[in-house]
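Mind looking over this structure? Questions follow.
Going by the order they are written in, the chains are A, B, C and D; count residues from 1 in each one.
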Amino acid sequence: MDSASLICDLARQFYDLGWVTGTGGGICIREGDHVIVAPSAVQKERMTPEQMFTLAIDGTVIRRPADPTLRPSDCSSLFMTAIRLRDAGAVIHSHSIHAVMATLLFDREFVISNLEMIKGIEGMNYYDQLVVPIIENTARECDLTASLEEAIRAYPKTHAVLVRRHGVYVWGRDWVQAKTQAECYDYLFRAAAEMHRLGVTAKGVTDASLPSRSADAFVRRR
Amino acid sequence: MDSASLICDLARQFYDLGWVTGTGGGICIREGDHVIVAPSAVQKERMTPEQMFTLAIDGTVIRRPADPTLRPSDCSSLFMTAIRLRDAGAVIHSHSIHAVMATLLFDREFVISNLEMIKGIEGMNYYDQLVVPIIENTARECDLTASLEEAIRAYPKTHAVLVRRHGVYVWGRDWVQAKTQAECYDYLFRAAAEMHRLGVTAKGVTDASLPSRSADAFVRRR
Amino acid sequence: MDSASLICDLARQFYDLGWVTGTGGGICIREGDHVIVAPSAVQKERMTPEQMFTLAIDGTVIRRPADPTLRPSDCSSLFMTAIRLRDAGAVIHSHSIHAVMATLLFDREFVISNLEMIKGIEGMNYYDQLVVPIIENTARECDLTASLEEAIRAYPKTHAVLVRRHGVYVWGRDWVQAKTQAECYDYLFRAAAEMHRLGVTAKGVTDASLPSRSADAFVRRR
Amino acid sequence: MDSASLICDLARQFYDLGWVTGTGGGICIREGDHVIVAPSAVQKERMTPEQMFTLAIDGTVIRRPADPTLRPSDCSSLFMTAIRLRDAGAVIHSHSIHAVMATLLFDREFVISNLEMIKGIEGMNYYDQLVVPIIENTARECDLTASLEEAIRAYPKTHAVLVRRHGVYVWGRDWVQAKTQAECYDYLFRAAAEMHRLGVTAKGVTDASLPSRSADAFVRRR
């Protein structure tokens, strides 16, 4: 499947997951030094390959769809930041309510450990502390670029940056890894909220039965 | 796709979102001075284009389906109110449980700000306070018409009116905007309840890290 | 679509709603004095029309599938009770977790009022108090027959009977009404739990803005 | 349908249930003394039959897919443990968030009784106490094998073993029973959390109306 068709296919899947409702969110896939990007403000679950843009990594439009009303995704400069700084092959931007709630439960970093799904993030093991930086939202999406770049540089091991009250950006070396990691992060954001709702804390579940390493605070709440 | 087929297609999507179960809810699409309306009290996820009614904006039936047992949606006079007062191209009525819960958490207005999805509502920015008026439910749907009209006039910037313990009416200049806004409103209603369940308040998440504007109460609870 | 195919189609839909997972739950459709019933203990979302049984209303097997390992649904005698006593054209048995939670939040009756979806139940209006009797579960499904019959006789206006820690039986004059009512009841069971979780009570939401009638306790908790 | 195609089909279904997102989880099906196993670290909802491995019960690879980058599921030695010790015909490994939350609400055993869905587990009746052992997670999946074997031996009646902060392994005599039981267990894990969130305890719902047997603690919390 070509990248344009794949973006449409993935966007339908992300719609069902609640990541891109209301025309929000998006995805881009890199092909060498070109990047295929969806248009802005369209229904993500009803896109067609002919609506896609091709951009250079510096953001220049190389090929645009026939429909003159379309413009490239507002996320484009953010997508390019992850591509340039991390050599990402694909970037996913989700408005998942789980990501947004994570930014309300945590302060400057989302921190979690001792959950199997952490292993779905490259370089992470079960006992590792997964840290996702949280940047503050801005009125215009493009104004996030500087703080996204700063967070990516400050957290060299992260594959995602949360945006307060907005969502999350996740990337990977190719679309498969970007999607896998986006699913793992989303699961972990949801798990943190479920634990909070159930009143489960590190203390509450670690006394006799868990190995000593997991007695460390597994979750750092505000 | 013609409007009658589109209504059937959208209704299946809304069924999956939980907006139109139990034959509840509905949608209409305007074509010039005609309005295509679904029949009342039928399974919304199993409708066919031949079951649709065509009404004039004053509510007169212009074309009716062959099946003599069908009657136009109970929402028709409410749909026409939004069409007349706001020049709407489509109106969606949802029984989403998130909309109903929003009417139980808030008093006369649903108020929220500082969430990215607010930007999906026409004319709204991230820091703006989104206000949705809540009108009281009545025993018969048509008896809502006067208070809906009153709310639309009293809140010139709103694109939706909540009905206590019932659901929400959302409109837009065309079906795409009506659907996009309906998805954004639903997300925001759900987000308010999730925040409430997580014990997250304006105070709880705004101290050092958030910009000063967001220190304003972002949510006005009863 | 013939009744056997329709049962398979509806069962797939009910599986997606979480009503018939783990081979639980079921549905029957009456055709005159015959009743088409699904087999017991099969995956409800993967049934085929050839697997259906035809029973007389007294429970006698009139036609059975070729597969000799199949036996008619354990719910059959309960289905027949609703058919005989209420002249039902279809009966749905759901294991929805919302129904089960309703039986844990309420004692002998599930009671709710002032929700629009109540109007989806035949004979009910918005301000009416909807009452669903709750019977105690038994070790064997067939042993529920006597108490189901008793509940149906004791509550002449009900179209459903909840079974504690088990699920719900819902019927209607035909499959469309049975399904519509099953969806409305499920919505109301879920709404009651959501209100409970949000700490919303009759008192909490009715002071100035609601009409005086709704100041009555809308929900009777244990 | 051959086993390889069936695994792909079931994996898509499990993806929709939230059991195998982020390439997590898995399933194997035995054919005599061979076992068909999915590859490790691939998107479970997008697998094709040509990607499957055939292993002997001792874990030897008998047939491998053409793609040289694939390796058999990390769960393989765990799958084989259930197959050897219980003569299982299929084993399902789920990362369902409900399973993970169950391991946080309970200590060394998940215990529940008096829910109809318990009857979906072989050998269990409604009033029986269903016990699922919980083993501690390890950094590497294969290191779970010894404690899984120990739990299976220590709990001769169980058809599942929970893994703390990780998920659950469920088996059955064939794929149908394994899947049915996996759905029932998942429902029960979710029900326990819902009861916890609703503040429903054995005491809270058993006084006059329930039969005396159900007055026993139905749920043993930490």
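We adopt the following convention: a contact is a pair of C-beta atoms (placed from the backbone, for glycine too) under 8 Å apart; a residue touches a chain by one contact, two chains touch by 3 or more.
Bear in mind the structure is a predicted one, so any value in this text is a computation, not a measurement.
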- [ ] Provide the labels of all chains in contact with subunit A and in contact with subunit B.
- [x] none
Task: Identity of the chain that, by mean CA position, is farthest from subunit C - done: A
Task: For subunit B placed onto subunit C, the superposition rotation in degrees, Cα atoms, nearest 5 - done: 90
- [ ] Taking all residue numbers used at the subunit A/subunit D interface, answer same if over half belong to both copies and different if under half do.
- [x] different
TODO: Report, in whole Å, the distance between the mean C-alpha point of subunit C and the mean C-alpha point of subunit D.
DONE: 29
Task: For subunit B paired with subunit D, centre-to-centre distance based on mean C-alpha positions, whole Å - done: 41
Task: Where subunit D touches two or more other chains, by residue - done: 197
TODO: Name the graph shape formed by the protein chains and their touching pairs; answer line, ring, star, complete or other.
DONE: ring
Task: All chain pairs that touch each other - done: A-B, A-D, B-C, C-D
Open item on the list: Looking at the complex, which residues from subunit A come into contact with subunit B?
Closed with: 21-24, 43, 95, 97, 100-101, 104-105, 107-108, 134, 136-139, 163-167, 193, 196-197, 222
Task: Residue ranges of subunit B touching subunit A (in the complex, touch as defined) - done: 114-117, 120, 125-127, 176, 179-181, 183-184, 186-187, 190-191, 194-195, 197-198, 200, 204-205, 208-211, 214
